[in-house]
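Some structures to go through are shown next.
Shared chain: chain A. Partners: chain B in the first complex, chain C in the second.
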Partner chain A sequence: MSAFARLRYRFVRDALLPAALAFKGGRRKSRPPDPLFGPPLKSTADLRRIMARHYALARHAKGAMPVAWVTSGAPVELLRAFGFYTVYPENHSALCGARKLGPEISAEAEARGYSQDLCSYARVDLGHAFSGRTPVGSLPAPDLLFCTNNICQTVLYWFKALSREHGIPLILLDTPYLHGGRDETPAFAYVEGQLRGAVTDLERFARKDFDEKRFLQVLESSRRASQLWGGVLETLRRRPAPMTIFDAFVHLMPIVSLRGLPVCERYYEGLLAELRDRVERGVAAVPGERHRLLWDNIAIWFALGPLARLFAEHGAVPVVATYTHAWAETAHQMDLQDPFGALARTYGGIFLNRDLAHRRAFLETLAREYAVDGAVLHSARSCKPYSIGQYDLKQSLMDVPGIPSVVLEADMTDHRVWSEAQARTRLEAFFEALEGQTIRNSSGPVNA
Partner chain B sequence: MDLYAGVDVGSLTAKAVILGEDGSRLGESLVRTSPDFAESARRALGEALSSAGSPGAEPRATVGTGYGRASVPGAARSVTEITCHARGAAELVEGVRLVVDVGGQDSKAIRVGPGGRVEDFAMNDKCAAGTGRFLSAMAETLHTGIEGLGPAGLRSRRDVVLSSTCTVFAESEVISLLAGGEKADDVAHAVHLAMARRLAGLVRLVGAQEPAAFTGGGALNGDLVRCLESVLGLAFTVPEKPQLAGALGAALIARESGPR
Partner chain C sequence: MSTPSRRVYALEQKSRGRKVAAVFPARYPAELLWAREVCPVEVWDPPAGGQAAQAHLQANVCSVVQRGLSLWLSGGTEVADFLLFSHTCDSLQNLSTLVPHLLGEKRPCLFFYPPKGRRDDLAERYLVDHLAGLSERLDEAAGRAGEGALERAVAWGEARGRALNDLYDARAAGGLAASNEDFYASVRACEYLWPEEAVQRLEAFRRERSGPSPPGVPLVFSGVLPQPAGLLARLDGLGVRIVEDDFLACGRRFVRGALPPAGEVLSTVARRLLALPPCSTAGSPVSDRLDFLARLAGRSSARGVVFLSLKFCEPELFDVPALAEGLRSRGVPCLVLEVEMGGEVPAQTLTRIEAFLETLP
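== the complex of A and B ==
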C-alpha cells in the first residue's frame, strides 16, 4: 500500500467526489408524473449518489487499502475492521443485468468453457474478470477473496476460479447446511472456530493486529443498518403500501454492499423517515392497490421496470419478498457480548442455508404478516438452490393459508431465457384468477 | 339482435365464435394466422359473422384472446387464453375440473372451479416441446401431414421408445429410428407417448382430476389423447371443434360483461 495512493484516495473521497456528485445530482431531470404510480421516492436521488460514490471510490482504492471481493453472505464486519475496501461481485452482476448486459458479458465466460447452465451472476462476474467489461467504468482488482457458502455451493467454485485468474488467496467460511430438528450448536461452533481462524489469516495478510474495538463498532453499525432495513420493509405491511418490493429491490443495494459503514445507516434512516411520512399521509406506491403479493427469489433485474408497470396496471402490488428479508431476518442475533458467536449465527443461519420446511414456514409467516392475497414465485433458471422446491412451496401456500401463486420462469440477469409474451400471459391469467372473475378492462389503447 | 364475439388469435390459427343474445352459438370461423395479427383477427371475425348470417354486422361486445389478444380490432377487452379456455371448456363439458389445451405455441393444464373459474394452471416453458409446433415438426419428418399423424399412431402395433421431447433432438432421433428400420406408424405413436408424458407433468402440477377436457388443435390427434389418458389414467372429453374453446370462452365473457 502506498502513501501516495492513500492521499489520492482521501482527496477523491473528501473533495473531488462530493463536488462531482453534487453537480451531477443537481442536473438530473425530473420525469413527468406517471398516473399508474404514486410520487417517486425522494431517497432515490441519495441512493444514486451513494452507489455512484461507492463504485467511483472503488477505482481509487487500489493501492490505498487492501481490496477484497466478497460474496453477499460474507461476514464483512471482519474485513471492515481491517480497513478493506469491499466489492460485491453479485451486486455488480445485478447491475450488469439491470443494464441488460448480462448475456454480452457472460458470453466472455461462456467462450472460455463456462456452461450456460451455471449461475448467471457467476458467468457475468467471470466474464468481467476475463474481459474487464463493466458498465461502471472499472472495478479494482482484488487483493483477497472472501467466500461464504451460506447462499449456495457455486460461490466456492466461482471464487476459486477468480483466485486462479488473479493469483491471489481465497478465504472460505464454510457454513454447514442446517436441517431442521437437529441441534445446531455444533454447526455454529464450527463456523465460529473458522471466524477466529480467519482473523489470524487476515492479520497476516493485512500485516496489522486485529482491532477488536473497531470490529465492535462495525458490528453495531451493521446491526443497526439491518434493523433499519427491517423497519423499511415493515412499512409495506400498511395498506396502501408506501413502496413496492420492486422499489425495495433497488433500495436493497446499500444493505448488501455497504453494511457496517456509517453511510448505510444514514441512508436507511432517511428512507425509513420518508416511508413513515408516506404511511402517515396515506401515500400509495400504486394508487389502485387491489392485490397484495409475495415475491420469492432474486429480482429479474433486466425486466424490473416493465414488470412494475404490468403489476401496477392490474392493481397488483408486491409487498414482501423472501429475498429482501434475507438482510433483515437475522439482525437481532448480532449480540455485541458474544461477537463471534453472533456472526456465526447470523451468517450461518440465513434462510437459504436452511431446509425446505424452514423456507415453507418462513414464506407462510411473511404471507400472514403482510396480508398477501397471492404469491409470484420467480423460478430463476440459473439459480438452482433458490428455485428448487418452489412447486412444493406453491402447493403448501395453497393448502394451508389458501394463497394462490404462479411460477414465473426467468433469470436474474440472463435475458436469453426470458420471453416477455409468455411471462405476460402467465401473470395476466394469474391476475384474472385473483380478480375472482373472468373479465378485466384492457388498459392499453385498442387497435382500430 | 345483439351479437357477441370472441376472437382467439393464436400463433398458427385465428378463431372466432359469435353468440346471440340468448347465448346460442350462431357462427364460427377458423383461419390461418398471417404475420399481421390485426388483419387475421379481422378476417376471422368477418368469416364468423358471415357464417352467423350477419355479414358486416357490428357485435355489441368483442373480447380478444390468444397471443394476439391486444390486436383484435374493436375489442372492448382482452382476456388471456387460460381464462378463456377454462370458461369455454366449462360450457362444453359439464362440471369440468381439468382442461388440457395444446395449441401451436404452448400447452397448458388448467384446474377449473365452479363456473369455469381458473383455480390454478401450469404451462410449458420457453421451448417448443409439448406444443403443436412439436407435432408439426414430427409430422413433417414422418411425411404424414399434421392430420395424418394421429391416425398413423393409432395404427401402431409395436412399442418404440423416443427419449427426447426437445423438438430438435427428437427430430434427429426420429430420423435414426426410421433409418434403423422402424415403421413410421410406430414412431408416430412413440412421438405421442413422449409428448403425453410431458403433458402429464403439467397436469400433475395442478392436480389430475375428472371430468377432464382436452382442447386446442392438439385434441384433434386421437392417438395423443389416447396416450395422455393411458399415462394419467383419466378419461378426457374432446369437444366438437376443440380449437374453438378459447374463442367460445371469450364470446361468453363478452356476453356476460357487455361493451366497455
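== the complex of A and C ==
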C-alpha cells in the first residue's frame, strides 16, 4: 500500500467526490409522475449517490488499502475490521444485468470456454475479469478473494476461477448445508473454527493485528443495518404497501455491499423514516392495490421496469420476497457476547443453506405475515439451488395454504433466455385467476 | 466374468439378510454402511432416461439428477431400505431435500456433507463429528454395527482401493489386455458389489487380463463418468486406449498411492475421504487437479486428454476451461467434448475424436 495512493483516495473521498456527486445530483431531472405508481421514493436519490460513490471510490482504492472481492453471503465484518475495500461481483453482475449488458459481457467468458449453461452472474463477472468491460468505468483488481458457499456451490467454482485468473489467494468459508433439522452443532463449530482461522490468514495478508474492538463495532453496525433493513421490509406488511418488492430489490444494494459501514445504517434510517411516514399518510406504491404477492428468487434485473409496470397495471403488488429477507432473517443471531459463534450461526444458517422443508415453512410464514394473495416463483435458469424444487414448492403452496402460484422461467441477467411475450401471457393469466378469486372471496359469506 | 444388474444384485443381497441403500453420487463413507451389513447401490446413470422427472426439475438440470429422480419416481429404488445423498453439487443438494421434503419419501433419507475446499485438521475434525452424526442416523435406519464391524469395513475399503490401484497401475503401464468397455464394466461394478466380492472380481480381472494392452492411441479421459453408454465400444473401434482417467465415478474415488496414516476408526475414514484425488465437486484448487491430470498423463504415457463435459454439470464446466488451457500450456493436447447420457454416440462426437486423433503428435 502506498502513501500516495492513500492520500489520493482521501482527496477523492473527502473533496472531489462530494463535489462531483452534488453537481451530478443537481443536474438530474425528475421524471414526470406516472399514474400507475405512487410518488417516487425520495431516498432513491440518496441510494444513487451512495452507490455511485461506492463504485467511484473503488477505482481509487487500489493501492490505498487492500481490495477484496466478496460473495454476497460472506461475513464481510471480518474484512471491514482489517480495513479492506470490498467489491461484490454479484452486485456488479446484477448492475450489468439491469443495464442489459449481461450477454455482451458474459460473451467474453463464453469465448474462453465457459459454457452458456453456467451461472450468468459468474459469466458476467468472469467476462469482466477477462476484458475489463463494465458500465461503472472500472473495478479495482482484487488483492484477495473471500467466498462463502452458504448461497450456492457456484460461488466456490467461480471464485476459484477468479483466483486463478488474478493469481491471488482465496479465503473460503465452507458452510455445510443444513439438512433435516438435526444437530447443527458440528456444522457451526466447523464454520466458527474457519472464521477464527480466517483472522490469522487476514492478519498475515493485511500485515496488521486483529482489532477486536473495531470488529465488534463493525458487527454492531452490521446488526443494526440488518435490523433496519428488516424494519424497511416490515413496512410492506401494511396495506397499501408503501413500496413494492421491485423497489426493495434496488434498495437492497447497500445491505449487500456496504453492510458494517456507517453509511449503510444512515441510509436505512432515512429509508425507514420515509416509509413509515408513507404508511402514516396512506401513500401507496401502487394506487388501487388489489393483489398482494410473494416473490421467490432473485430479481430479473433486466426486466424489473417492465415487470413493475405489468404488475401495477393489474393492481398486483409484490410485497415480500425470500431474496430480500435473506439479509434480515438472521440478524437477531448477531450476539456480540459471542461474536465468532454468532457469525457462524448467522451466515451458516441462512435459508438458502437449509433444506426445502425450511424453505416451504419460510414461504408460508412470509405469505401469512404479509397477507399475500398469490406467489410468483422466478425459476432462474442460472441459479440451481434457488430454483430446483420450485415446481413442487409451487404445488405445495397451492395445496395447503391455498395460495395461487405461478412459475416464471427467466434469469437474473441473461436476457437471451427471456421471452417477454411469454412471460406477459403467463402473468396476465395468473392475474386474471387472482381477479376471479378476489371477486369470489368478496362476494362470499363473511365469517365472524 | 459377467456381473448381474444392480436390481438383481440388490435383491440377492437382501435375500442374504443384508439391507440395501440407494446412494446418490458421489463421494461417501461406504465403510459406515458395510459395517451395518448394508449394501450401497449407487445411482449414477440408470438406463430408463429422465423423462419422469420433467414435472419436477427444470430442463437445465444435468442427466445424473434427472435420471436419478426418474428412477425414484418410477419405483426403481423400492428395493432400497433407505436413501443416502452425498452433497456433490447444488443440484444433488436440492434433490436430497426434494425427495423427502416435497415428494413424500417416507424411508429414511440420509445426508452426507463432505468438506469443500479444505483438507486440514479443521476439516478432519468436522468430518469426524459429521460421520459420528451420520452413524447415529444409520443406527436408526439399519441397526447398530457389531463389535469390530467398522474396523473390518475399513479394511475392506482399503483392500478395494488397493485392487483398484493395482488395476489402474497395470493399465497405465500397458500391461492389461482389456478393452475400454471391459475395463469400465469391471471398475463400475464397484458401484454396487459387496466390497469383498468387488475385490475378488477386480483381482480376478487383473490376473485373467494380464498381458500387453491392446494397440491404440493412449489417452487420459476426464469427466463425470464414461457416457454416453455406447462411447467405450466406439472408442475401442476407433483405436483409442484409455490409459488413465479422473472420472468422478471412477478414478477420482479411490486414494491413489499410499493411504494417510490410520487413527481412531472414524478418523481413518475421514482421512481417506480427505485424501481422495482433487475434484471439482470438493472445491479443490484448479492447480491441484491440473497437476493430478498431468501426472496421470505422464505416468501412462498418454498422448492427450479428453474431457467428457456432461451437459449442465456446473462443477465440471467451471474447471474445464482452466484445465484444458493449463494442460495445453504444458504441451498436453486436449479435446473438450460436451456429452449427454444416452445410448448412441452422436456422429459429431465421433468425428471430433477422430479429428483430435489425427492432430496428435
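By our rule, the second predicted complex is superposed on the first by the 436 of 448 C-alpha atoms of A that agree within 3 Å, B and C clash if a C-alpha of one lies under 4 Å from a C-alpha of the other, contacts with A are read in each partner's own complex, and residues count from 1 in each chain.
As a working rule, a contact is a pair of C-beta atoms (placed from the backbone, for glycine too) under 8 Å apart; a residue touches a chain by one contact, two chains touch by 3 or more.
Keep in mind the model is a prediction, meaning the values are calculated, not measured.
A.B. asks: Examine A:S419 and indicate which partner it touches, taking first as chain B and second as chain C; both and neither are also allowed.
C.D. replies: The first partner, chain B, only.
A.B. asks: Applying the document's definition of touch, where does A:A433 land relative to chain B and chain C: first, second, both, or neither?
C.D. replies: Only chain B; A:A433 stays clear of chain C.
A.B. asks: Check the residue A:Y391 against both partner chains and state whether it touches chain B (first), chain C (second), both, or neither.
C.D. replies: Both partners, chain B and chain C.
A.B. asks: Considering only touches as defined above, state whether A:S93 meets chain B (first), chain C (second), both or neither.
C.D. replies: Neither: A:S93 stays clear of chain B and chain C.
A.B. asks: Who contacts more of chain A, chain B or chain C?
C.D. replies: Comparing touch counts on chain A for chain B and chain C gives C.
A.B. asks: Does the superposition put A:Y114 against chain B (first), chain C (second), both, or neither?
C.D. replies: Only chain C is touched by A:Y114; chain B is not.
A.B. asks: For A:P404 in the superposed arrangement: first (chain B), second (chain C), both or neither?
C.D. replies: first
A.B. asks: Using the superposition described at the top, list the residues of chain A that contact chain B and also contact chain C.
C.D. replies: 391, 409
A.B. asks: Enumerate the contact residues on chain A facing chain C in the complex.
C.D. replies: Checking each residue of chain A against chain C gives 112-115, 117-119, 122, 149, 152-154, 156-158, 160-161, 163-164, 172, 174, 176-177, 179-180, 182-183, 186-187, 189-190, 193-194, 197, 355-357, 360, 379, 381, 384-385, 387-389, 391-393, 396, 409.
A.B. asks: Per the contact definition, I'd like the list of chain A residues that touch chain B in the complex.
C.D. replies: Residues 391, 398, 404, 407, 409, 417-419, 421-422, 425-426, 428-429, 432-433, 436-442, 444, 446-448.
A.B. asks: So in the complex, the part of chain B that touches chain A is made up of which residues?
C.D. replies: My answer: residues 38, 63, 67, 70-84, 86-87, 106, 116-123, 125-126, 205, 249, 253, 256-257, 260.
A.B. asks: Which chain C residues qualify as touching chain A in the complex?
C.D. replies: 55-58, 60-61, 65, 87, 89-91, 93-98, 101-103, 109, 111, 113, 115-118, 122-123, 125-126, 129-130, 133, 137, 280, 283, 285-287, 309, 311-312, 314-315, 317-322, 324-325, 336, 338
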